Structure formats: C-alpha cells, structure tokens
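In what follows, structures are represented as structure tokens.
What follows is subunit A paired twice: with subunit B in the first complex and subunit C in the second.
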Partner chain A sequence: MSELINKVTQLLNDKTIDVFIGYEKGSADRIRAAFARTAEQAAKLVYTASCTQNLAGYLMKHEVKKLGKPGLLANVAALRSIMQLASEFQVKDGEVYVLFANADGSFTEFTSFASIEAYLGTTDVGIKSDEQEMIARLEAMSVQERWLFWNKEFDKCIKCYACRAACPMCYCHRCTTDVNQPQWIPVASHERGNLDYHLMRAMHLAGRCVNCGECANACPMDIPLNLLTYQLIDPIKNTFGATAGMKADAVYALSTYKPDDKENFII
Partner chain B sequence: MSRIGVFVCHCGENISATVNCEKVAKITGELKGVEFATDYKYMCSDPGQTLLKEAIKEHKLDGVVVAACSPRMHEPTFRKACAEAGLNPFLCEMSNIREHCSWVHPKDDLTTEKAQDLVRVMVEKVKKNKALNSIKVPVTKTALVVGGGIAGIQAALDIANCGHKVVMVERQPSIGGHMSQLSETFPTLDCSQCILTPRMVEVAQHPNITLYTYAEVESVDGFIGNFTVKIRKKSKSLDEHICTGCGLCTTKCPQKKIPNEFERGLGFRPAIYVPFPQAVPNKPVIDRENCTYYIKGKCKVCEIVCPVKAIRFDQEDEIIEVPVGAIVMATGFDVLKPDFFPEYGYGKYKDVIDGLAFERLASASGPTQGEIRRPSDGQVPKKIVFVACAGSRDPAKGIEYCSKICCMYTAKHAMLYKHKVHDGTPYVFYMDIRAGGKNYEEFVRRAIVEDETHYIRGRISTIYEKNGKLIVKGADTLMGAMPIEIEADMVVLATAGVANHGAEELAQTVHISYDPYKFFAEAHPKLKPVETNTAGIFLAGACQAPKDIPESVAAASGAAVKVASLFSKSELTRDPLVAVVNRQPAPVYSQCVGCFLCQSVCPYQAIEREEIKNRNGEVIKTLARVNEGLCQGCGTCVALCRTKAIDIHGYSNQQVYTEVMALLND
Partner chain C sequence: MQEFEPKIVAFVCNWCTYAGADLTGTSRIKYSANVKIIRFPCTGRIDFMILMKAFENGADGIIVSGCHPNDCHYSTGNFHARRRWIVFRNLLNFTGIETERIQFSWVSAAEGFKWADVVNNTVKKIKEMGPNENYKKIAVSTLFNEEEIINE
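After this line comes the complex of A and B, so read on.
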C-alpha cells in the first residue's frame, strides 16, 4: 500500500500527472473510486482484494477530463479498455499514465501503448469460467426459452442507466437512447422500451466489449447484462479473428472487410 | 402547415388497371397538409408535367408527391419539372405505386388501399424534406487509360485528339497488346501489325499522351473528376532517357533460352529484351527473374557492351502520383491456361497449340517467318484440326459463355493455312458457327467454299499421340453422331477468352465491380455499356467480355466520348443526397464523438477528420466530416454511427422515422 501511495505522491509532486484514479475506502466496508489530486488525497488510496472495478471508464467522463492528465490504477480489463479506447481515437499514446496492479501486490508502470499491447499479448483475457458456464447454459436453451429468460430479466430493468454509466465503452456525449428527434427507442421503462434499450446497447458493444463486467456489477436490479455482450465476443472472434481491446491501432471488425472474411452467416 | 401537391399517375393502364387512381387522389387529397391532389393518364408526358408545373404555381405548393413508377425511372423528370416551376427539386418525392403495387397485386380494393398508404407515407416524408442545393466539384481534365492494347490506344488517341491530357499505363514493356501478336485480321485479312503500329507510334509521339510502359496501377483514390492514381513504374534496369534503343545489349546477352511470351513460347528471347521488333517504346528491359546478374550476382555483359552506359542494375521501382479526372479501363483479356484441357493434351504434346500461337506461326515476323511449321519437328503439317469452343460454352468446365471471337479467327486460321500450304487439309470441329457481323458470314463461307475447309459439327473427346501423328477422336453430330478419327499433324485449340490475370485485384484496387468470370461489369448491359458503376470510370475492349477488334475499337471510342463529355465542363454537378455530420453549438460542437468507425466502414473513403480549434489554435475536439464530392450516399456510416451523429440528406433519420410511423399510426 505504501508503495502505491509513495508512487502516486511522487507522480503528483513532479507533475507527471494531475489526477490519479485509484481506490479508497468508502462507507461501511465498501471500496470506491478515488480521484487523488493532492498528496493528502493520495495518502487515502488503498489496494485490496476488493479493488476489482474497471476504472478506465472514468477516463472518458467529462468531469474527470477537466482535472488534467490522468494516472490510472489498472487491472487487465482496464488495460484492454484503454486499448479499445485508443483504437477508437478516444485516448492518445502518452496521455494516460498507467500503473498496473500485479497479482502479487506489486505495481508495474506502463508508459506506452506498445508496452500494454506486449503485456496483453501474454495474458489470458478470456471470460471467467463461472461466466462461461452461464453462457453455455443460455446457449443450451431453445430460442423460445432464451427469449423468455431475457424478457424476464429485462422486466426488472428500471432504466437507471447505471450499466451505461459504468461501461468504459459507453462514452458518447449523447446516447442513442437519449436522442428524441426522432425517438426510436421509447424512454419509458416498459417491456418493449427495456428490450429496445438493452438490444441497442448489446449491438453497440458487439466487437467492442472487453468483458470487464462493470455493467452487471453496476445494475441495482441484478440483471446479468454482461452475458448479453459476452455472447457476442466468441462469434466475432471466430468469424473475423478479432478480439476487442488488444491493440491500440486495431480496426473495428464490423466496419472493415477482408477478402478472406467468413461469410457463412449470410443466409 | 404544408401545401403539398399529390399527383397520381395512371401510367396508361399499368397502374389504373389494378388501382383506382381517382380514389387514391381523392383520399390522399384529404390528408393534412395536402393542398392539391389529382390523377392523370401519363404524368411524365408533356401535358402531365405542365399540369404539375401549373399546380405548383397556382396552389403555391411547397412539396410534391408524384405517385407513379419507380424513382429510378422518372424522379429526375419530375424534379426537373418542379425546378422549372420554381420549387426546389428536392422537395419532390415519388411514391412507387407501379412496381411496388399495381404490377404485383390483382385488381382489388386492398390494392387501392395499399397505393393510398404508399402515397400517405411519402406525403409525411415530404413534410420533413429540406430544400437542398446541388454540389459542385471541379474536374481534372486528364484521363488515365489503363492498358495499351488496341482499345487503350484508341481511347487514348480519341481523348488526346479532343485536346485533353492522357496518361497511359501498360504493364508490359511495350504497348500493342494482343493485336500486335496477330498475323492477319478478319474479315479483310489485312496485316495486323500494319494497321496497329502506326497507332502505337502515334501514341508515343502525341503531345497530349504520357506513356508509362512496364508500369502498373498501385492505387486509386478520389472520385469522378478528382481521382488520385498511384502508378508503380517497375524498374526497367536502364535509363530510358539515355538508351538509344540500339539493341546491342539484346544481341550480346548470354542468357538466350528464355521462352518468348510474345511468341507464345514458340521462340526464345534474352534476359534483356524488346518484346517484338515494332515495340513502342523500342527500348529493352531486363527480366530480373531470368537475368544472370540478378540470379548469380555477376555477368553485366549488357552494361559492358552498352555504348551509352544506360544500364542501371540498382534502379528501383518508382511510384508516381497522378491526378486524373476520369479512368478508362482497357486491360484486355487472356486465353485459357493449358491445364484446362488434359484430354486434348494441350501442354503435353508440342503440336497441340492455341490460336495465339498459330497467329505467331502465320505471322511474317514470327518464329518461322510466316511459314506454317509444327513446333515439334519443324515439318509443314499436312492436316490441321482446328477446335472451336475449346473451353467456351462448356458449363461442365465452368465457362458458360461464348468467347465470340473464336468462330471468326478459326475460319481465318483455316484460310491462312490453306493460303500458305496449298496441299494441306484444314478441319474445323465446331458447335455452332457464330458469324454475326458485317462481312463475317461471307468470310466463313469463303473459308468453307473457296478454301475447302472441312467443317465438322461436333466436339472432340480426346487427342493422343501415335507414331508422330495426333489422333483426334470426335463425333459428327450432323451424321448421327458418327464417330470420327483424324490423324492430324497439328491441332489448334480456339481456347476460351478469359479475364486477364490480376483482373480481380485490379478491379478491387480501382473500385469497380466485376462479374463471376472476373470480367469488369458495365453499369447497364444495354444503355450504359461503357460505363461502370463507379462514376468517372469507363470500360473499353475485352476487359469487359471477349470482343473482337472492331468492337473493342468502337467501345474505346465510346468510352473516349464519355470522358470528353465529362471534361467538357470545368465543374460537375451532383445530387446533394450525401451524408452529413451534425453540428451543434459549443461546447458539444457535434454529437460525433470522433470514434471514426465511419471512416473504416466507408467504401468511398469519404470520411475526413475535422479539428475544432479554439482561438488559441488548440484542438478541442476531432470530428468526422463528410467529403461531399466522394460520398455516394450509401448510408453505411449512418448504420454504424452509435450516436446518430451522421445523417443522410434526403433520407434522414427523421424522414425514415416519419415514414415508418405514418404506416404504423394509420
């Protein structure tokens, strides 16, 4: 812990960064995101086993951007988020200082995108086995059963948009859901409105989701939203050979054409 | 409140036979915002258009819906009529009640109701239409001609003679193409070289034509009137400006046994070579794959003997960039490869050759100085079997089309043979004789009657060698499929004309479409035969389909006229139905977040980056911007844009939504 605090204090003091995005103790036993701009704030930073949130989503927030050059305490999902954001021209090389939390509790500095790419190339970025099982269970269902399953889940949705706020890839100034001229997606949190919203979000994340799971973590109604986007990861990998968030200069699988692309999905 | 006019066309009986047009006009006339509605027998006729124009003026219409045929047919007609009446043409829409309604449904009340629905949808759309202005783009008055065969030569000369600059790119060391390989040409039997070479020289000397031989198109960017072409000038390994074309190097080159492509492998050439004596430019190139110096690292005989020291072994490929306004594709064709006919022994027996090889044998400048001698032993063949349709019209082999030129050149070959070997016997196996064309049938008749060519209707099953003879087995289908066996000295296959090698890659580089046989596709088989679906790119000659010389020349002149008419104006006008990135007041500037997924998806490279800067010159935001000249309005970017920051003029998100809702909220 002191290693982290010392490092961040030093970074803030020598103006390498203006703000460090890490974790601090919240109310009760909870951990929350922290935005340290001074040595005093840095002193409150913690890093424990509970610090699992993907903090990269904050890089895109208007309020955080205003604070200046950011440093970020990153896990694997955050590294991938940064790569995906870079491929979408949202962050530039050298604009983010990344401190990566290793499994053994030590920290590694990533100062360039190339070093992040090299690290990710040797890391398992797959979906966790328990999540894998749930996806297998969903895929084993008949279309009718799956439809009922999701309808039942979406029925719980209160359209608080916490999933959208937590997702590092939902950085649009104005989400399609909020576009009301014309209003394709109903605002109301009824059955169809909820379905439209979640399908739209899943489609917008196809080939971009870095399986951090923040959408499901954020959901106050415990909807397993991550499964919806995770299910799109394998088909895109198998069809186009693309995995999101691995390279800073990747081109989006669904916007590019290669002559050897599989076309077996065309009926 | 809108003041929309609805004009329902009967299209004679095309619409009115199944749709009650009067009723459609009456019902839609009652819609909110519709000021005037009527029906008329032929809206596209002169009185029909006058009716429309009068109504616009009289009722002060601010939107028009013409319910008639497909907009592909008459949208330009009615938009022009609206413009003439003072209404912005893009406030006029067509509702297709013919192809989408009357033609596909029986006479019924439901059919009329559907027509009403279709009109209502358009009325709602027109309410959201905006007046748009045509886009003007400048034109670079230089044409690129790809390919220097007879079609390319003709197109280049025609364009250059109109006073425009032409850049010609030919991948071989010389222009001339297949025509330079031919001996005589049908149906007049005039010498191919004699009529071609003056034109080749004219190309080289024309002040408006810049010729790049041994060069290929590397990339094409841009759009009609404003293409940027990168040309790879392959290294010729010599300085063309110094080389005098004396030819000393070609005679001294120790590497002499390279099969000569120009002679279809019937002769040999050195590693530094000029493809044929009349080549333009008449300067050699080094074939690096076969040159001893490039293989073994020593030799350099050509450099030693060159009197002007023009050889440059270290010369590299050069890529030049040329701005052009139009492109003519004249890349020609190829003939089938030997492995296509194992049963004919082509490639296995030396005396089974293709038509182009026979042209070389018959040519005065060929490997035998025009004497017909078979490749295996140099004997004069006394019996030659000519096989028409070798590969063509053979669905089993994947070529279903007729190569078109083979019937004629086979007749020519038989004649040339007979004229040179008076005691020889030519046989022609054919499926049908297709001799449509001026003086063509008479020509074939002459081959049969005067030159005593034996025409046998039937196909060949197999050819094999026995005692120095080629045994040709076939059947005569006019004699009840009677088996026929001929002991021939030589067999000439009229191999199918196929797309040139590399045609598919080139089409993708240039961004034009091609057919399943990799021939370049025309925009319309009848009415736009020399245009492609890419504006500003035209086709000439056999790159489109097998064509004979007159047809190639005619197509080339046609393409040249298209280029000249494009260059007749200094600006192009085009429909403003293009994508646009929305703009908003600061601090948002636009809904666009600059993810640029639109940039990679755009098939026309029409998305650019625009930097929003503050007054200190600092970049605050980077947005997508649509190049109106490049955008074709396909809408792919719109589909991919997550924030709905891109929209298409004339087919906006709002308009489509309105149309859908008009149907749903009936």
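After this line comes the complex of A and C, so read on.
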C-alpha cells in the first residue's frame, strides 16, 4: 500500500500526472473509485482484494478529462479497455500513465502501448468458467426457452442505465437511447423497450466488449447482461479473427470486411 | 376459418433488389402480395434497429436484400452489411428470437424471377411458422403499460 501511495505522490509532485484514478475506502466496508489530485488525497489510496472495478471507464468521462493528464491503477480488464479505446482513437500513446496491479501485490509501470500489448499477449484474457457454463447452458436451450429466459431477465430492468455508465466502451456523447427523433428506444421500462435497449447495447458492443463484467456488476437488478456481449466474442473471433482490446492499432471487426467473409444464411 | 396471411416487410437496396423487384413487375411475374417493400440507399444503411422496429410494429417476417457481393453501388456497403448480419443473427439466436423470420438474400437488378422466388418462399415459410406471437405479446403488454403510465 505504501509503495502505491509513495509512487502516486511522487508522480503528482513531479507533475507527470494531474490526477490519479485509484481506489479508496467508501462507506461501510465498501471500496470506491478515488481521484487523487494532491498528496493528501493520494495518502487515502488503498489496494485490497476487493479492488476489482475496471477504472478505465472513468478515462472517458468529461468530468475526469477536465482534471488533466490521468494516471490509472489498472487490472487486466482496464489494460484491455485502454487498448480498445486506443484502437478507437480515444486515447493516445503517452496520454495515460498506467500503473498495473500484479497478482502478488506489486505494481508495474506501463509507459507505452507497446508494453501493454506485450503483456496482454502473455495473459489469459478469456471469460470466467462460470460465465462460460452459463452461456453453454443457455445455448443448449430451445429458442423459445431462451426467449422466456431473457424476457424474464429483461422484465427486471428499470432502465437506470447503470450498465451504460459503468461500461468503458459506452462513451458516446449521444447514445442511441437518448435520441428521440426517431425514438429508437422507448423511454418507459416495459418489456419491449427493455428488449430494444439491451439488444441495441449488445450490438453496439459486439466486437468491442473486453469482458470486464462491469455492466453486470453495476446492475442493481442482477441481470446477467454481460452474457449478451460475451457470447458474441467467440463467433467474432472465429469468423473474423478479431479480439477486442488486444492491440492499440486494431481495426473494429464491424467497420471492416473481407470479400470472402463466410456465411451460410444469405440466399 | 381464414388462412393466416403473414405481414412481411422487405428492406431492399435501391440499386439491385429494388430494380430487381421492378423487373419482376414489368415481366408480369406474379408473387405473393404479403410483402411491403421499403427502399434503402444501400444494404449498408439497413441498421439492425430498423429490423427490430419492423418486428415491434407487427411484422411476421422480414426480407433484407441487396446487391451481390462485389456488385455494390458504393463498392463496400453490402460487405459491411454482411458482417453486421452475421453478428446480429448470433445475438438474435442467443436472445431467443427466431432467426428464420429474417430472410437475407442477394437479388440483382436482372433477377426478377429470383425476387419472386424469394418472396414466395419466405411467405410459405412464415405461414408454416405462424404469427410472430412472442413479439405480439410484448407489444400488447407494452400498450397496457403505457396506458398505466399515462393514467398515473
């Protein structure tokens, strides 16, 4: 912990960064995101086993952008988020200082995108086994059973948009949800509007999702919405050979094409 | 009892399938009248949200059709569309929406016969599948919900 605080204090003092995004103690036993701009604020930073939130989402919030050059305490998901944001021209090499938390509690500096890419190349970035099981269980169901399953799940949705706010890839200034001419997504949280919203979100994240799971973590109604985007990862990898958030100069799978892309449903 | 007549919406590209459908007409080829054709500049313009809106508004089936690969008026529109459909079909299948209700096809401006076949076969398939009950149910529950909200 003192290693982290010393490092951040030094970075803030020598003006390498203007704000450091890390974790601090929240109310009760909770951990919350912290934005340290001074040495006093940096002294409150903590790093424990419960610090699992993907903080990269904050890089795209305009309130945070205003604070100046950011430093970020990153986990694997955050590293991938930064890579994906870089491939979408949202962050430039050298604009973000990345401090990576290793599993043994030590910290590694990543000064360039190339070093992050090299690290990710040697890391397991797949989805968790319980999530894989859940997807396999759903895929084994009949179409009608899946419809009823998701209908029941989406019925719980209260349209709070916490999933959108937590997602590091949902950074559009004007989301399709907010558009009212035409009104793509009904405002009320009824079955039809919820289905629309979640399909729209999954489709807009297809090929961009870095499987951090923040959407499902943020959901107050415990909808497993991360599965929607997770199950698209394999088809996109197998059909187009693309995995999100691995390379800073990657091309988004759906904004490119190959003349010989294979499909079996177009007559 | 009256036979079920499905409502089919066809989203077609201006340059190939729309002209192809025109050829079907000028060639005096008869085909099912269940289809309502909506013209788009290119298949690349046909957003997945538009297909969802068609289902919501009572479509039992959808046809999406455009130029053959390498024939796109804008060079790459149909290639991009093809990738999008591959992903979208995966998502629909995972959320339990019958992908068979959406028929994708390539119909060029010279394929008047093919267009008639595509429409007739789709209508036949959707007649066998029956009305889009799943979507109709949520549309009905939505109406009640909206009334409730207004009354509140």
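Following the convention adopted for this analysis, the second predicted complex is superposed on the first by the 259 of 267 C-alpha atoms of A that agree within 3 Å, B and C clash if a C-alpha of one lies under 4 Å from a C-alpha of the other, contacts with A are read in each partner's own complex, and residues count from 1 in each chain.
Convention: a residue touches a chain if its C-beta (ideal position, glycine included) is under 8 Å from a C-beta of that chain, and two chains touch if they have at least 3 such contacts.
Since we're looking at a predicted model, the values are computed, not measured.
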item: Which of subunit B and subunit C A:W184 touches, first, second, both or neither; value: both
item: Contacts of A:E139 with subunit B and subunit C, given as first, second, both or neither; value: second
item: Partner chain(s) touched by A:L99 [first = subunit B, second = subunit C, both, neither]; value: neither
item: Chain touching more of subunit A, residue-wise (subunit B, subunit C); value: C
item: First, second, both or neither for A:I266, with subunit B first and subunit C second; value: second
item: Subunit B versus subunit C as contact partner of A:L254, first or second or both or neither; value: both
item: Touched partner set for A:A77, first subunit B, second subunit C, both or neither; value: neither
item: Partner chain(s) touched by A:T176 [first = subunit B, second = subunit C, both, neither]; value: both
item: Touching partner for A:F240 - first (subunit B), second (subunit C), both, neither; value: second
item: Contacts of A:F89 with subunit B and subunit C, given as first, second, both or neither; value: first
item: Common interface positions of subunit A, toward subunit B and toward subunit C; value: 176, 184, 254-256, 259
item: Subunit B - residues contacting subunit A, complex; value: 508, 588, 591, 593-598, 600-601, 622, 640, 642-644, 653-654, 657-658, 661
item: Of all residues in subunit C, those that touch subunit A in their complex; value: 48-49, 52-53, 56, 69-70, 76, 79-80, 82-99, 103-106, 118, 134, 138-139, 141-142, 145-146, 149
item: Footprint of subunit B on subunit A - complex, ascending; value: 88-90, 171-176, 179, 181-182, 184, 204, 251-252, 254-256, 259
item: Residues of subunit A defined as touching subunit C within the complex; value: 138-139, 141, 143-151, 176, 184, 186, 188, 190-193, 195-196, 198-200, 202-203, 206-207, 228, 231-232, 235-236, 239-240, 253-259, 261, 263, 265-267
